[in-house]
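Paired with chain B in one complex and with chain C in the other, chain A is shared by the two complexes that follow.
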Partner chain A sequence: MSFTDFSFLVFIAAIAILCRLCPRQSRSLLLLGASYLFYLTWSARGAVLLAVVTGLTFAAGMGIERARKSQTHAWLTPLAIILLAGYLLAFKIALLGPSRGIAGLVMPLGISYTTFKLISYVLDVHWGKMDASMRLADFAAYVAFFPQILAGPIQRPGDYFSQLPPVPARTADALPRIAWGLVKKLLIADNLAPAVNYVYAHLTALHGAPLWVGFYLFPLQMYADFSGLTDIAIGTGRLFGITGPENFNRPFTATSIGDFWRRWHMSLTNWLADYVFMPLRMATRTAGNLGLAFSISVNMIAIGLWHGLTWSYLAFGVVHSLYLTVDAFTSRARAKFFKRRRKWDSAASWMGWLLTFHLVTIGLVFFRAAHISDALWLLGHLFSGLGASGALFWALVESAGARTLAIGLAGYAVLELGERYRPDLWLGRISQGQRGVRWSVWGGVTVLLIFALALLLAHSGTPRSPFLYEIY
Partner chain B sequence: MSDIVERMQAVFRDVFDDEGLVLRDDLTAADVENWDSLTHINLIVGIEREFKVKFTTAEVGSLHNAGDLKALVQKKLGASG
Partner chain C sequence: MRFIRDLTLAALASLAVILALEAGLRLARDRYEASFYQPDWERGYALRPNAEGWDVMESEVYIRVNSGGLRDRERIVPRPRQTLRVAALGSSEAAAFEVPLEETFEAEIERNLAPLIARRGNHVEVLNFGVPGYSLSQQYLTLKNYVWKYDPQIVVLVWNQYNLLRNTEETNPDGPQAPFYVLRDGRLAPADPAFRMPSLRTFSQRNIAIRGRLADWMNDSYLLSMLRKANVELQNQINGLSATLRRHFGPAPTAPSRRPRDYLQWWPYLPDLPDMQENWKIGEAFLREMKQDCDRHGAELELVIVDEDMQSHPNAAVRKAFMRLKGLASLDASDERLEQISEANGIPVLALAPLLGEYASAHGVALHGIGANNEGHWNKLGNQLAGQMIAGQLRVHSPTVQAWSAGSR
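Up next, the complex of A and B:
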């Protein structure tokens, strides 16, 4: 069952009703049951493995808390971290082989997300940020919480447990977010996908104009797809009284690479900042710029390889570690320079935005390409034969479908405008006013919901296009 | 304003390059422009140098706001003094 299956909507509607009917103290148990039921629709063996790893980490958490309080058994935390990291790594390595090894036998769904949740729990208990959970049902529901299992966001244990027992949000606060996520995925990302797929499938036969289309469209497709998935996850979580962390904050408005990483896949970057970058930087803080460059590189390469152990993801990490190192080394000097030249502020922001967007887009070419050589081909042939690439461009438009592409692009413009002007916020304020206005707003929201539902039903007859981030 | 707060505030102002920054116990990264994971460690190193103390990763990992950092400095100074 995927988020764009009609059965998923029926499933969450049923769980949302049950959640409101059952006593507050039993809701964790209900969410646990629903999560494993969801999990079973993907893989029964994966569910068993998740249960075992969850149980072992729960026991380790209690041991780590005792060890922290008595200041003994200091080995327990490193052992738990090594085992959890090894568990994740074993599956990532197995996926590389043609037979997929153990991953062919049992591939736990969303293993990258669940393992990061478990590691953060171990470290938070070790650091005394939180006490070990005493209720296995609460803990297991946190790890397996099904709205977040396909692609995050990666919620911290303290944030999740602070919302227990769950009190479901108003349906009106949850459904529009789900509908908006579906629109982003089905109307925008899926209509941009054919053009991007065409370009990356025919790279070596292309040069000039069509490569520019692939270059610029993939970031837009990726953002619509992944943020749509996050919207559905957050909206669904709210239905059950668990609000997950935000993953995006208008990433393509960033004016520096550091700024971009504070806006893109935030739950992953914050996780790595706290559990990888910070300990590394603490250990290397006396090593000056070398220590800084080392910590940034390890962190960014970890972000790349978290997606999979491939050369392309490694290249993505390396490219961003170079960007961020230069950004970090020059940020103070740049700030001082522009502080003395206030009139340049606006030009500097524009230039910063333009440069950042292009640097990010170059990085995403490595992310999307199957091989580094493909990425280098695309980047190396953007200008070759540009004037003579008209026929190739029209062949791309014909293959992807001009109408499909136009719908995707127009939809993306609406997405950016929507996130800039946030009609949901002012509609929310208006809806608290006069009854007539309130009903008009609810009418609009209902139309959006019906539209999303119609999209879903229209989509149900076509082959399923998985979310880009479902595979991690 | 106590001596510790005054000296901490000077470090904060230097690290975040903001002469108008006023240190409060409830000050968090969300309140200060440029307070991210990179500048956070610069802040920690600045405080360590100013007070001639050393923090562990676990101590830094459990900080929630400037008040926690102040309490940690006081604890360290108390322990060393």
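Up next, the complex of A and C:
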């Protein structure tokens, strides 16, 4: 069951109704049951494995808390971390083999997300940021919480447990977010996907114009797809009274690489900042800039390899560690430079935005390409035979479908405008006004929701691209 | 009063959003399948007179059904003077919803025969009686009760081998959409003389007309067409869900279903399959009855056997691989059996598969579907070649065409 299946909407509607009907104290149990039911539609073996790992971590958490209070068994935390990291690593390595090893037999869904949740739980209990959970049902529901299992966001245990027992948000606060996520995925990402897939499938036969199309479109597709998935996850979570953390904040308006990472996949970035970067930075603070560069590099390479143990993801991490290191080392000098030349300020923010977008896009070429050589081919042939690549460009447009591409691009423009002007906020303000205005707003929103649902149904017979982040 | 004002305001706002969505769908040309059908007391369903809209199943084509319920331009009843009329009877291949009307094989036959008989103001018309999904029983009833008022001199029966599957309820893959016939004392007889489509049991003729007008209205709107498609998909989802529940929690089936699995992949109509013997006998009986009906009306019957997409695949290696995979000695076994049956009943026959297959291989082109994978119904080139080949067959073997071309009419 994927988030864009009609059956998923029926499923969440049923759980939302049950959630409102059952006593508050039993809602965690309901969410646990629903999560495992969802998980079973993907993999029964994966569900069993998840239950085992959850049970062991729950026991470890209680042991760690006792050890913290009695200052004994200090080895328990490192052991738990090593085992959890090993568990994640084992599956990531198994995926590299031609037969996919154990991953071919039992690949736990969203393993990267659930493992990071478990690790943060162990560390937070160890550091005394929170007490170990005493209710296995609450803990297991947190780990397996199905709206977040496919692709996050990675919610911290403290944040999740503070919302228990869950009190469902108003349906009107949750549904528009889900609808917006579906629009991003079905209307934008899926319409940009054919052009991107075409370019990356025929890389070495292309040069010039079509490569530019692939170069610029993949970041847009990626953002629409991934943030759409996150919107559905957050909206669905709200239906059950669990608000997940935001994962994106208009990342392509960032004016520096540091700014970009504060806006892109924020739950992963913050997780790594808290559990990898900060401890490393503390440990290397005496080493000055070298320590900073080291901490940044380890952090960014970890982000890259979190997606998979491939050279392309490693290259993605290395490229971004270089960007961030240069950004960090030059930030003071740049600030001083622009302080003295105030007139350049507005130009600098424009230039910063343009440069950041292109640097990010270059990084994402490595992320999307199957091999580093493919990424280098794309980047190396952007200008070659540019004038003579018209026929190749039109072949790409014909293959992807001009209308499909136009819908994807127009949809992306709507996405940027929508997130810039936040109609959800002003709709909220308007709906507090007079009754006629309120009814009008809700009438329009209801029509839009019915439309979104019908559109989803109408397209349910046609094959769809899977979410890009479902594989992690 | 204020309540009415607020309610009106809300209704107007909702209407504005609806209009904006309609405009958006039109701008994006996000088209959905129009409704072209209406329930039919005798045949189960038929094309709805004057229905029009987009067909988007394989390609996007604007379809117009004429006032007589044919996917054709307006035709005069009865046949005008100095006109040679050919009636093309069949299912989806004959209806040719995948191409515009002027690119159908019927139009191609007209173009090819016209110069032959154009003397002294004679002209030729090829009427399209094809209806997608029609079984042999529905084609037989169409011939018997709807074709003759147009007074054609030639009937071309466009035969798709899959229609053999629709000859019995046990092998029919599509549910109860058509009346079934059985053999009693060697003659065809309705299996259920009181056959009614499930939808017809609750609707009167007047309701059908109202529903038809509603469907016409929905065809005009992209938004309403989308909602109709959503409704169909919803029904599919519900049916799928209830089938799953029945499978897991319902009583165990008492007898295994004879309905073939993956019927489009496995060529289950092959003449040597034990399950298909009855289907072939019923098919032969239909052919015999249609021949007799044509004889009674003084018309010629010509049989045209449609090629399966694999039979005319442009790549010979793919054809061979398919034969190996399915364990077939030949791709033409069914066509050969049908040719024998036709000849035994004195019906001229044209099997298109060898001719189209040869053309596709020689030119490396796909005659079916969009793109190069050669899957689906005839595309523009497929229709064009089929039309030329059928016209060639009529020119050589039809005494009526020969008489008209010799100027004796």
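As a working rule, the second predicted complex is superposed on the first by the 472 of 472 C-alpha atoms of A that agree within 3 Å, B and C clash if a C-alpha of one lies under 4 Å from a C-alpha of the other, contacts with A are read in each partner's own complex, and residues count from 1 in each chain.
Just so we're on the same page, contacts are C-beta pairs under 8 Å (C-beta built on N, C-alpha and C of every residue); 3 or more make two chains touch, one makes a residue touch a chain.
Every value quoted in this text rests on a predicted model; they were computed, and no experiment measured them.
Enquirer: Taking chain A as the common reference for superposition, should the pair chain B and chain C be classed as clashing or as fitting?
Expert: Fit - chain B and chain C, as placed by superposing on chain A, sit side by side.
Enquirer: Have a look at where A:13 lands relative to chain B and chain C in the superposition and call it first, second, both or neither.
Expert: It touches nothing on chain B or chain C.
Enquirer: Once chain A of both complexes is superposed, is A:127 in touch with chain B (first), chain C (second), both, or neither?
Expert: Touch partner of A:127: chain B, not chain C.
Enquirer: With both complexes superposed on chain A, which partner does A:336 reach: first (chain B), second (chain C), both or neither?
Expert: Only chain B is touched by A:336; chain C is not.
Enquirer: Would you check which partner chain A:440 touches, where first means chain B only, second means chain C only, and both and neither mean what they say?
Expert: Only chain C; A:440 stays clear of chain B.
Enquirer: So, A:448: does it touch chain B (first), chain C (second), both, or neither?
Expert: The second partner, chain C, only.
Enquirer: Under the stated touch criterion, which partner chain does A:258 make contact with: chain B (first), chain C (second), both, or neither?
Expert: Only chain B; A:258 stays clear of chain C.
Enquirer: After lining up the shared chain so the two structures overlap, which partner does A:82 touch, if you call chain B first and chain C second: first, second, both or neither?
Expert: neither
Enquirer: Rounding in steps of 10 degrees, give the angle chain B-chain A-chain C taken between C-alpha centres.
Expert: 170
Enquirer: Can you give the closest approach of chain B to chain C, taken over C-alpha atoms and in whole Å, for the superposition?
Expert: 39
Enquirer: What part of chain A is in contact with chain C in the complex they form?
Expert: Chain A reaches chain C through residues 6-7, 10, 403, 406-407, 410, 435-437, 439-444, 446-448, 451, 453-455, 457-458, 460-461.
Enquirer: Which part of chain A faces chain B closely enough to touch in the complex?
Expert: 123, 126-129, 258, 262, 273-274, 277-279, 281-283, 285, 292, 328, 331-332, 335-336, 339
Enquirer: Show me the residue ranges of chain C that touch chain A in the complex, using the header's touch definition.
Expert: Within the complex, chain C contacts chain A at residues 2, 5-7, 9-14, 16-18, 21, 28-30, 32, 223, 226-227, 229-231, 233-234, 236-237, 241.
Enquirer: List the residues on chain B that touch chain A in their complex, please.
Expert: That would be residues 17, 34, 36-38, 40-41, 44-45, 55-58, 60-62 of chain B.
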